[in-house]
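Two complexes follow with chain A in common, the first pairing it with chain B and the second with chain C.
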Partner chain A sequence: MSTLNMDLSNYRDLLKQYIRTQDETALYQAEQFSKLSMQQNISPEEIINVHIQALQELYPELPEGIKSSMNFLLEAMISYGLAYQEFQSLREQQLALKSEISVAASMQQTLLTTVKPEVEGLDIGAISIPANQMNGDYHHFVQNDDNKLGIAIADVIGKGIPAALAMSMIKYSMDSIPENRMDPSNILESLNRVVERNVDPSMFITMFYGLYDPSNEKFYYSSAGHEPGFYYNAAEDKFEEIEARGVVLGVTRDTEYRQYERKVNAGDMIIMLTDGVTECRQGDRFIEPEEVLDVIKSYMHLPAQKLVEQVYKHFERLQDFHLRDDFTLIILRKEV
Partner chain B sequence: MNLDINVSDKDSTAVVALAGEIDAFTAPQLKEQLLPLTKESGKVVEVNLENVNYMDSTGLGVFVSALKSTKENNSELKLVQLQDRVMRLFEITGLTDIINIDSTVRGGS
Partner chain C sequence: MDFQSCVNINKEWDIVGARQIGRDFARKIGFGTVDQARIATAISELARNIYLYAGTGKICFETIEEIDRKGLVILAVDDGPGIAEISKVMEDGYSTSGGLGAGLPGVKRLMDEFDIISEQEKGTEIKAVKWVR
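Up next is the complex of A and B:
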């Protein structure tokens, strides 16, 4: 209470000055007084108490009714004081949480880091940008001893921290699948069982898994409800949607995933993405899938990594640099 | 954008009429209203999406958990009058195979 008492005379002088002169500077100082009180955790009812004391000193003959009314006001302010205390402690907790989340986000980064491999005859570009602190998109490259290249691209439905945790679970389950069982349909079937058993019912994961075998130049793939990618056929200079049916991971227990395959010719491109790419909005307007392809086409002369970066920059500009959803785009091009 | 949720719960059928957008902001409200309905054994919960012009994957999450709840509680979930954009989302995710969706009448503008 000592600081407050010290300020009491100050408050009284200010009040006196204001009553006499109606001076703006006194008002400004009153504002400073309230800010200082907040810094010192002084509650609103304490300020009213100071006001009552100052008033009594200034007007010893204060009518009884006014005095009682001030005490009444003081009682009425007590709840505000409590609410303010609560606000203070929440603010501290929020700061603590914020720093924990940023630690978790950087841990996730470290855990889920994937290295874009060098594969002879393939030009690979990959970009993944989170909309918030933690990325709900996931992509991973696996290079087997027999030179086959596995590519997983996934989106965890349910955002934020729970999604990020589910992602780590997926990554470790995938790491534990033996190398001779790495065909796309088998991978999705195993992951489906993991997700179905372990994840909250409103959460599920979409995933596309592709496997490129350089020995026969074939691309094998399966999809668990993932946003369809595109295939660029260089000979015909045409894009087509990669059709692959399959239900999202984690909804039904014994789901089987069909595996598809296609021969990849020189100059062909395989485009894998998440819905953060196709669900871009410009103001209130959704972009059409053709627009994504037009943009890809306009940068197609660039190396794959430059290509995905330019496409990202295009949509970042289109959305005023504010992503609504995590954005992941991977392009494989078979070199001539 | 907002989501209006209008529930008319009569006898064994509850009709949930939705209007607006289902996204990360509105999905929790929908979940709060939809899930309790599916907990009643024998209940048919019909969700009308005629006036839903946008739904993202968070919305799908709500319907997936509602579906799981109907299986546990022996109730039924049915989606009707989906707009094309919303229908596409159910198709891509393969959920059309496991959720009862009446796509004969399309909703929307």
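Up next is the complex of A and C:
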């Protein structure tokens, strides 16, 4: 209040100057006054009050009607003042929430960190970028004692914090599955039970689990309703969709998942992804699946990690650097 | 507390009566125009809540004088349904008009002191104080 009184004479002088000269300088200073008032949390009705006082000092003979009209205006501004104060406090709350979320996001990062393993004869590339602060996609590499490589890729339908919480649960459940039960179908079946028991029915989790066995060069896989990946057949220079049927996790308790297998030949690639890749949008248009493959093809000469990074960069740019969905892409290439 | 003046709230127009009496009190105590307008707005919010949620009740006014300051007490009393989750109601953005700053959090901002006692099925008593600066 005292700062405002201090400004009253200032305001009166400005007003006087403006009435006399209609000068832009005075208006510019009024703008400064307005900004300063907001910084000091001075509400509009107080400014109107200052105006009334200044007016009365400048025109002691001010008609009664004008005076009343100014009081009327003051009354009419009260709610704006309140809304402004509420806005201030909501903004503070929002800042607090934001920093809380970023702490949670970095915790999630730490929790879900997965190390891209070195497997002889395999070139591996993996990238996972969240659309918002928290990632609703999940991928994880598991390397067993017998040198087999497990790859999990999952997507929670839904974004943000609930999705991220569900993912942390998946990760811990996976860690607790015994090593001798690491077949893709087994893994999906036990995760399905965990999700069915613990996750709200309105939340769906899709997952693809693949297991590469270097001893026989075979790839075993099962899918729980996950976005189909692609297989690149080097001998024929052709991409094909990896077909795998299975319902999303958590629908019914005793779901069984079929396990598929295929022989991986030199130069072949296994491409696993989430719908953040296939459902990229350019303006209002969803891209065609072929476009993803075309882009992969154009960078195929690169090492797998460079390849996935270039594909990401391509689609990031295509979407004006604003991801709408979490983006995860994993590529395994059998070296020649 | 022995209140100097009360206004019964039964119909919407009683809100205007409560504002009028509250403003007269405020002027006599020595509140400036801005604070008078704020007090009137607080009274509106309290009285409208009584009218809307309790049906009937009253708004009472009292001057308080301490050695070094003077103020106005507003008391809103009803025996309506009561407020179940007071802390929820006091959150910004909770009121039906959400995000417009009005409602009970607004009353708290407009006044210097604010207190609610409410019991479900029994009623609500809201006390708000403003000091002359």
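Operating definition for what follows: the second predicted complex is superposed on the first by the 336 of 336 C-alpha atoms of A that agree within 3 Å, B and C clash if a C-alpha of one lies under 4 Å from a C-alpha of the other, contacts with A are read in each partner's own complex, and residues count from 1 in each chain.
Following the convention adopted for this analysis, contacts are C-beta pairs under 8 Å (C-beta built on N, C-alpha and C of every residue); 3 or more make two chains touch, one makes a residue touch a chain.
Note that this is a predicted model, so its numbers are computed, not measured.
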Query: Superposed on chain A, are chain B and chain C clashing or fitting side by side?
result: fit
- prompt: Between the C-alpha centres of chain B and chain C, what angle is found at the C-alpha centre of chain A, to the nearest 10 degrees?
  reply: 80
Message: Applying the document's definition of touch, where does A:S9 land relative to chain B and chain C: first, second, both, or neither?
response: neither
Field: Which of chain B and chain C A:E45 touches, first, second, both or neither
entry: second
Partner contacting more residues of chain A (chain B vs chain C): B
- request: Mind working out whether A:L74 is in touch with chain B, chain C, both or neither, as first, second, both or neither?
  value: second
Query: Regarding the shared-chain residue A:Q109, is it in contact with chain B (first), chain C (second), both, or neither?
result: neither
Message: Tell me the contact category for A:P228 with respect to chain B and chain C: first, second, both or neither.
response: first
Field: Which of chain B and chain C A:S99 touches, first, second, both or neither
entry: neither
Query: Once you lay one complex on the other using chain A, what is the shortest C-alpha distance from chain B to chain C, in Å?
result: 18
- prompt: What residues on chain A touch chain B, complex-wise?
  reply: 155, 157-159, 200-204, 206, 224-228, 245-248, 251-252, 275, 279, 286, 325
Query: Across the complex, what residues on chain C touch chain A?
result: 32-34, 37-38, 40-41, 92-93, 99-102, 105-106, 109-110, 133
Query: What residues on chain A touch chain C, complex-wise?
result: 1, 45-46, 49, 52, 71, 74-75, 78-79, 81-87, 89-90, 93
Touching residues on chain B, where the partner in the complex is chain A: 24, 31, 56-58, 60-62, 64-65, 67-69, 85, 92-95, 97-98
